[in-house]
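The following blocks contain the structures, represented as structure tokens.
Next come two complexes built around chain A: one with chain B, the other with chain C.
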Partner chain A sequence: MFRYVGKRLVLMLVSLWLIASLTFVLMHSIPGDPFTSEKKLPKQTLENLKAKYGLDKPLPVQYVQYLGNLAMFDLGISIKSTTRTVNDILEEGFPVSAHLGIQSILVALVAGIVMGMIAAARQNRMSDYILMVLAVIGLSVPAFVLAPLFQKYFGMNWNLLPVWGWGEFEKTILPSIVLAFSPLALVTRLMRSSMLEVIGQDYIRTARAKGLPPIRVISRHTLRNAIIPVVTIMGPLTASILTGSFVVEQIFAIPGLGKYFVESITNRDYPVIMGVTIFYSAFLILMNFLVDLLYGWIDPRIKLSGKEAS
Partner chain B sequence: MAIPVEKFQRVERRPKEAEAIRRPRVSYWKDAWIRLKKNWLAMGGLIVILLLVVMALVGPYMLPYEYYGIDLKSGKNLEPSGDHWFGTDDLGRDMFVRTWYGARISLTIGIVAALIDLVVGVLYGGISGYKGGRTDEIMMRIVDVLWGLPYLLVVILLLVVMGPGLLTIIIALTVTGWLNMARLVRGQILQLKEQEFVLASKALGASTKRLMMKHLIPNTMGPILVMLTFTVPNAIFAEAFLSFLGLGVQAPIASWGTMINDALVVVLSDEWWRLFFPALFLSLTLLAFNAFGDGLRDALDPKMRK
Partner chain C sequence: MKTILEINDLHVSFNTYNGEVQAVRGVNLRLEKGETLAIVGESGSGKSVTAQSIIRLIPSPPGKIKQGELLFEGKDLTQIPDREMFKIRGAEIGMIFQDPMTSLNPTMTVGKQIMEGLMWHQNHGKDQARERAVEMLRLVGIPNPESRVDQYPHQFSGGMRQRAMIAIALACNPKILIADEPTTALDVTIQAQILDLLKELQNKTETAIILITHDLGVVAEMARRVAVMYGGFLVETGTAEDIFYRSRHPYTWGLMSSMPRLDQKREEDLIPIPGSPPDLLDPPQGCPFADRCPHAMQICHEEMPKRTEISGSHQVHCWLEHPDAPSVDPKARLKVNIGSR
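Here is the complex of A and B:
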């Protein structure tokens, strides 16, 4: 167990170092420097600016400095708005994105598990087919198609919910649903197949044979075992919610991290792109790690060891 | 009541006949095809994919316009009509021609990216799994570390640096895209290489190349194909997503992603056709590949046999 955790920690750090170095190399391989596209600046100003951002030093020095700063959680300064650091942007945007993301994950998990159970319980009947067709559609319609449609119908045509901005709970409803859509489809499908597998097991027959009411068989015996595979996709699920948030926050004008990230890409604000990428990567890598630990804890049959199971 | 002896007929022993195979031989692939044909969802997907490919090839020639043909005078934002089957966009470009031209670009990205992933993944995973030992250990550590990197973020990063474009998108998508395939192939090869028929082939003096090409890779073809059918829609989806970030193919070239992105600004107005057609065909393509992939996976799994 400890060996496994240690090994994963090392791997995590190597991945982080790699993505940090990759961003550094990539961002410095762009021809010119961040100020070439601006208005013609006087030579002295340009040099001062470069000195301010440390761009006048040789690359290896910059690299070491950069890694040092990263280790201190200093992600640099936005070039486009000089008063804001990347940390400011993270502090401002991440809570909003996290709020939206957690809400969507909850929707996806709860609705997905319920729908998956219904589909499995009514296998090869009409409700199963309808749910499965819906799930495939959910996986096939991208958020940037769904979001404008939701805005148009729920917001404009039927005037049910606000489609823009952030602050009150009503404003979070539509974005959360759009964001939850494809994870929901994924969870439903997974839940259905794992339910079907568990239902066929002997201990379920035993539970039924000894006369337990069906609801108890499902809650105590089936659900607890069927839910385990859902835990494994929490990692990819988080990643998909995260990339989905770029789209949803942009379209619904939500001041979250995803929106800032998309804007920094459009403006070619390199320090922000670098900083947010590293932050996101660290976040996802950490999530995957936690999910793996959680998985071992939930299902004692899985031994976490230093050796690979394959 | 007794039955007279002459009513009985002696059945001679005819071992040849008893051993004869009366039914036609059904190979693994034929068997899978039979099962696939019964799955209407998967077959529907296959037919839609074929139709889309045909339309991507001939669609742009069905109307006398070019995908970059601008008509600013009288052709802006026209509704679908006999002249412009899918209407026109804000620059007066014909949406029908652009939609199918976009299909070409999107399908090309999907298929080329999937093929590159296939080649790199099969080679890498094949070598790693076949060699085993230290080589495998080192190669898989590299994969593990790359695996930790978030896929779309790396793609975005690469595109920001390389600049958007058809070629750069394909490169960015494949830089870490082959990892899935490599892991899959390695796992399969590891299992297969310990089996008796491989040993037999080795004992008969088969070369490594022959073992790989004749025995190991053909036997992993099923899972590889299934993964391939899921890689194509993922790449198409990724391209559309990148277009949304402004990192897709550049105008005047059209892809479904860029067309949808262009239409987002007018979605709340009445020009529904601007979003409808590219969004419909993008979703339909993803749907078709996903449905076909699901069916293929079930069909190729001998455990699903009834």
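Here is the complex of A and C:
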């Protein structure tokens, strides 16, 4: 077990290094630089600016320097907002995005699992059909359609919830639900199909033959075996939702991390691009690692070992 | 002998897209306290459906008990509410299944799977149930039960898993154990062990066993009485001796001659039964075996024969028992077969 964890940690560092290098190369292959703008800057000013951020040095030197800083968890200073370091941006934005994300994930997980179970239990009946239609809608209607609709009805017409901003709990409700919609649909569908598969297994018949009532059969025998596919997608899902959604945060004016993913690239704000990408990747890798640990706990047949799988 | 279970005119159907599959079409059976009754028949004969219907375990929908009675100690199991059924399943009537590799929950320790029934039916506390689980594992012959109880099914071999299944089924001391092809998925050497175990446990606990199988060797080993099923009907019932030495139904003869025997001469071929079982979506009007029967007469295709009592213990459904029917020699079958090749 310890050997497994150790090995995974090393692999995680290697992946991160690869991602950082790739991002670095790709980022510098975008035409222009952070100081490209409508107004032409005087040559001297431009050179001074470049020197300030170390952009005058050859790329390999910049690369080595960046990796050196990265190893000390120093992600550099944002070029656009000169007073803030990338670490500041992450520290400010991530808690907000994570707060919103955790609420959404909880909604998606709990409601998705319950709805998937209901759909499976009532397979090919009305409630199953309704839930599956909802799931298809949830998967196919994008957030930028859903969000304004929610704002119009819940916010303006019925005056139930605030439509924008951040801070109080009421303000988090609408964006959480909008953000939860597509993962909710995904979890529902996954849960339904894996429940149906597990229900047909012989050991469920054994459990029924023991005389356990249906509730107990589901809670003790079906659920645990059916939840594995859901756990699998939890890794990437959590990472992407917790690190912020550009669209949802933009629409609801939430000061999260989401907008930096997009804005940093259009601004060619090199340190921010590198920073958010590496942060997101590290988070994703960590989540996948946690999911793998969770597998071993859910299904004892999955053994975690440091040895190569034979 | 006291009758513990009585099946009267049981009909079970499955509704499919193609129509109603009449899997069981009028089965009458009695099970006495502490005896072993074997239900024999080929795949699709309705034997498993009959067994699973007893504890209402057939998947429903699409399965449905259309008519008939299942009297367990005088109580009709087809009529009681689900709540009461949950108290009988596992507690009064236990069941073990064909494939021990897939019949145990892979994510739960074997001990917990045994304890579960005890805690539900007998309100055992955790410690008490665990003690009983260890005791059951020891009883079914699993070495080191104290440590095995905390292991998962994948750490057990096939034979051990079937032993664990038996432990689960017998944990609450049921009055009836339904064993649905308990040895089919096991090695021959393990088969014998499991059968010995079942017999030994039956002597200790006086549990009645309904043994579903298509293996006549297993029947000879285990059963006091045998019921032969074909096409959803019970075609012949009798004691093991009746069936093995004095069988009266052509299908039973077919079963016997398709089974290898130790005293068989080398040059003697095994004789398979030609053809395939009837389509139960659209079952034949008459005897379901008529199409494959070498002795079939006109009437066989038109009407299902009534039950004939050969002796107090031996009944058969066959037109050959009719006073006007020609007398046939069971061995004649052999010639008919060779002639048709």
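We adopt the following convention: the second predicted complex is superposed on the first by the 261 of 310 C-alpha atoms of A that agree within 3 Å, B and C clash if a C-alpha of one lies under 4 Å from a C-alpha of the other, contacts with A are read in each partner's own complex, and residues count from 1 in each chain.
Methods note: a residue touches a chain if its C-beta (ideal position, glycine included) is under 8 Å from a C-beta of that chain, and two chains touch if they have at least 3 such contacts.
For clarity, every value in this text was computed on a predicted model and none was experimentally measured.
Using the contact criterion defined above for the overlaid structures, shared-chain residue A:57 touches neither chain B nor chain C, since it reaches no partner.
Contact comparison for chain A: of chain B and chain C, B touches the greater number of residues.
Touch criterion not met for A:125: it reaches neither chain B nor chain C.
Of the two partner chains placed around the shared chain by superposition, chain C is the only one that A:298 touches, whereas chain B remains out of contact. Once chain A of one complex is fitted onto chain A of the other, the partner contacts of A:225 are limited to chain C, with no touch recorded for chain B. By the touch criterion stated above, A:3 is placed in contact with neither chain B nor chain C.
Comparing which residues of chain A touch chain B with which touch chain C, the overlap is empty.
Touching chain B in their complex are the following residues of chain A: 11-12, 14-16, 18-19, 22-23, 26-27, 29-30, 136-137, 139-142, 144-145, 148-149, 151-152, 156, 239, 242-243, 246-247, 250-251, 262, 265-266, 268, 270, 273, 277, 280-281, 284-285, 288, 310.
Residue ranges on chain C touching chain A, taken from their complex, read 55, 57, 82-83, 85-91, 94-95, 97, 99, 102-108, 113, 116-117, 120-121, 152, 154, 165, 168-169. Put simply, chain B touches chain A in their complex at residues 41, 144-146, 148-154, 156-158, 160-161, 187, 190, 233, 237, 240-241, 244-247, 260-261, 264, 267-268, 275, 279, 282-284, 286-287, 290-291, 294.
Interface residues of chain A facing chain C in the complex, by the touch rule stated above, are 201-203, 205-213, 216, 220-221, 224-225, 298-301.
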